[in-house]
Amino acid sequence: MGTGRLEAFSDGVIAIIITIMVLELKAPQGSGFDALLPILPVFLSYVLSFMYIGIYWNNHHHMLHAAEHVSGAGLWANLHLLFWLSLIPFVTAWMDENHSVAAPAALYGVVLLMAALAYFILGRILIRDNGPESELAKAFGKDIKGRISIVCYAVGIALSLWHAWLALTIYVSVAIMWVIPDRRIEK
Amino acid sequence: MGTGRLEAFSDGVIAIIITIMVLELKAPQGSGFDALLPILPVFLSYVLSFMYIGIYWNNHHHMLHAAEHVSGAGLWANLHLLFWLSLIPFVTAWMDENHSVAAPAALYGVVLLMAALAYFILGRILIRDNGPESELAKAFGKDIKGRISIVCYAVGIALSLWHAWLALTIYVSVAIMWVIPDRRIEK
Amino acid sequence: MGTGRLEAFSDGVIAIIITIMVLELKAPQGSGFDALLPILPVFLSYVLSFMYIGIYWNNHHHMLHAAEHVSGAGLWANLHLLFWLSLIPFVTAWMDENHSVAAPAALYGVVLLMAALAYFILGRILIRDNGPESELAKAFGKDIKGRISIVCYAVGIALSLWHAWLALTIYVSVAIMWVIPDRRIEK
Amino acid sequence: MGTGRLEAFSDGVIAIIITIMVLELKAPQGSGFDALLPILPVFLSYVLSFMYIGIYWNNHHHMLHAAEHVSGAGLWANLHLLFWLSLIPFVTAWMDENHSVAAPAALYGVVLLMAALAYFILGRILIRDNGPESELAKAFGKDIKGRISIVCYAVGIALSLWHAWLALTIYVSVAIMWVIPDRRIEK
């Protein structure tokens, strides 16, 4: 089965996830510039989550561009990825209300970790569907960045219990690492 | 008439339905891990509804992939299906606020039942549009799974009046039955 | 310029409009079946607005299927139509809170009237873009249904000031008239 | 890489941004026509923001129609544009609650300015991706309108601190300038 409608549906879900997060950015209380200060952390976590969803859209775009076929299992692996991505607005909202607190920072990391694992599983299934000699398999390769990310999220979750800001620093660093586009797959 | 734009529009509506449900997952009251406990039932019903919407997207994808033409009646049958699916966030929200209570569990079943009937009607119309010798007609066949589901939802509605958890168990079981992809149509 | 992306964007906007209206269907206060009674009018107005948005999607689909080209003016005429459709959730919400009251029933009619005029303008521009001998011009013809609707909405607005339920009866009747698919264009 | 999925994703995000703004149009308090008066400013700012998002969709449509290829950097430049557009509902909501006040009018201008710069950057990258002899480079030309807009937004921000209504007048004027379709690119 072709990947056209899978891409269209994923585009729709990812577009909605990335956009509904802005609903958390409530109009400031007050009409002066100083009223913007209290919502700065909310804005920054919006930027971080926007980047993460953007990264997933970007990588998903590259991966499915290289794939030609997708099996029924691939459709479910894709829905599984979308499920974890759909929780990002929820964990972002919790973090917004509790800056530098252990539990929300840990949960944010758990959702990132689960999304990364879901992406990894989707990649494996798509490689199986398209064969080890496919363009996708060559492009995906060892997926070193993906493996590094998974380790970083796990470390971030552990560190969040000790000091939440350390975890956030790790999440931001991983996002920056991904913004540099994935040359392997792009080629 | 081709099925391209019908698929695109359905993808859009289903993508929005599956995503706006996450708006019901409000940020927990409190900043500790224990604050997550009260929203666990809400999370579980989100998982169930996400699965159901995912199942419908999956089956809809398979069915329209096999179809080549769609009549004006087919367009309306599709909108009718989308109407019942659009009520899933509403019945999920009611169930979230009343765990294991008769009426919300029954209404959830009613919406599932109506969506299943709408899907059945859409299938019949598409088979009529594409002819009894079409790929679709062969793939759709007797649609045993669909008929079993309809019976299960009816039983679930009846049981919900007696014990709501029995109904939920049935709804979960039907969802699991569907996650196993429909080999008939996929071929 | 082709009509592909115009259709895709319109599908997206219409899909969102039709789905966000369900957010007005708040979970009932209470856990029994009797708690559903107070939201029955809200549900019925949801059905009516869902039908109207569905009708516009359906007709839009047929009209653009027959069109081959669209000019810059056509893009703006399409956005103008989407603007009025986007107000339907707003006027539905006002009507939900005030059943059978003059002003909300009149405003609902005004938005329907403006949407119908916007659709008429879009049709004229598309016919101009595609030429008087085009498939579209033949299919669109005199657009008798469209003209009848415009008159009905105007009558409905006038009657709403006298008795709101008369206006609603007219709006429902026009919707039913449209659900019967437009054979002229479908051919 | 082709531009198909980039267009589809952008369409989805822009469609959602343009539609969720209507959620700010809350049902009026009261059931008479006079209850509409207090929400008139909210309605007018909805019209302005709808026009701006519509203008961006229109120009984006024309620009990507002329482009054939897009690099990884182009994907990020596009997400960067969508980021600033996604903030329009937020700044609109703040302006809704504080008419003719300096800070909200200034922030509205800042978001318009950043979106215009992001659009300019996207244009430069797409021209680089498609070559100086491409259809796009000829169509985009010196982008005089874009440069004028950027200057106007900067002037608007400065004036907003002195008198907010002057800034709004400038923003409205720029929108009207853009509604006249861009003949250079359309050809």
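When the chains are written out, they are named A, B, C and D in that same order, and each has its own residue count from 1.
The criterion applied here is as follows: a residue touches a chain if its C-beta (ideal position, glycine included) is under 8 Å from a C-beta of that chain, and two chains touch if they have at least 3 such contacts.
Remember, predicted model here, so these are calculated numbers, not experimental data.
**Q** Look at all chain centres (mean of CA atoms) and spot the one farthest from the centre of chain C.
**A** Most remote chain from chain C, centroid-wise, comes out as A.
**Q** Have a look at where chain C meets chain D and say same if over half of the interface residue numbers show up on both copies, different if under half do.
**A** Since fewer than half of the residue numbers are used by both chains, the interface counts as different.
**Q** Using the average of all C-alpha atoms in each chain as its centre, how far is it in Å between chain B and chain D?
**A** 37
**Q** Roughly how far is chain A from chain B, going centre to centre by Cα mean, in whole Å?
**A** Using C-alpha averages as centres, the distance is 26 Å.
**Q** By residue number and range, which residues of chain B touch two or more other chains?
**A** In chain B, residues 8, 12, 15-16, 20, 23 touch at least two other chains, as defined above.
**Q** Once bound in the complex, which stretches of chain C touch chain B?
**A** 7-8, 11-12, 14-16, 18-20, 22-23, 25-28, 31-33, 35-36, 47, 50, 54, 57-58, 61, 65, 179, 181-183, 186
**Q** Tell me, which parts of chain B touch chain C in their complex?
**A** So the residues of chain B touching chain C come out as 1, 5-6, 8-9, 12-13, 15-17, 20, 23, 71-73, 75-76, 79, 82-83, 86-87, 89-90, 93-94, 96-98, 101-104, 106-107.
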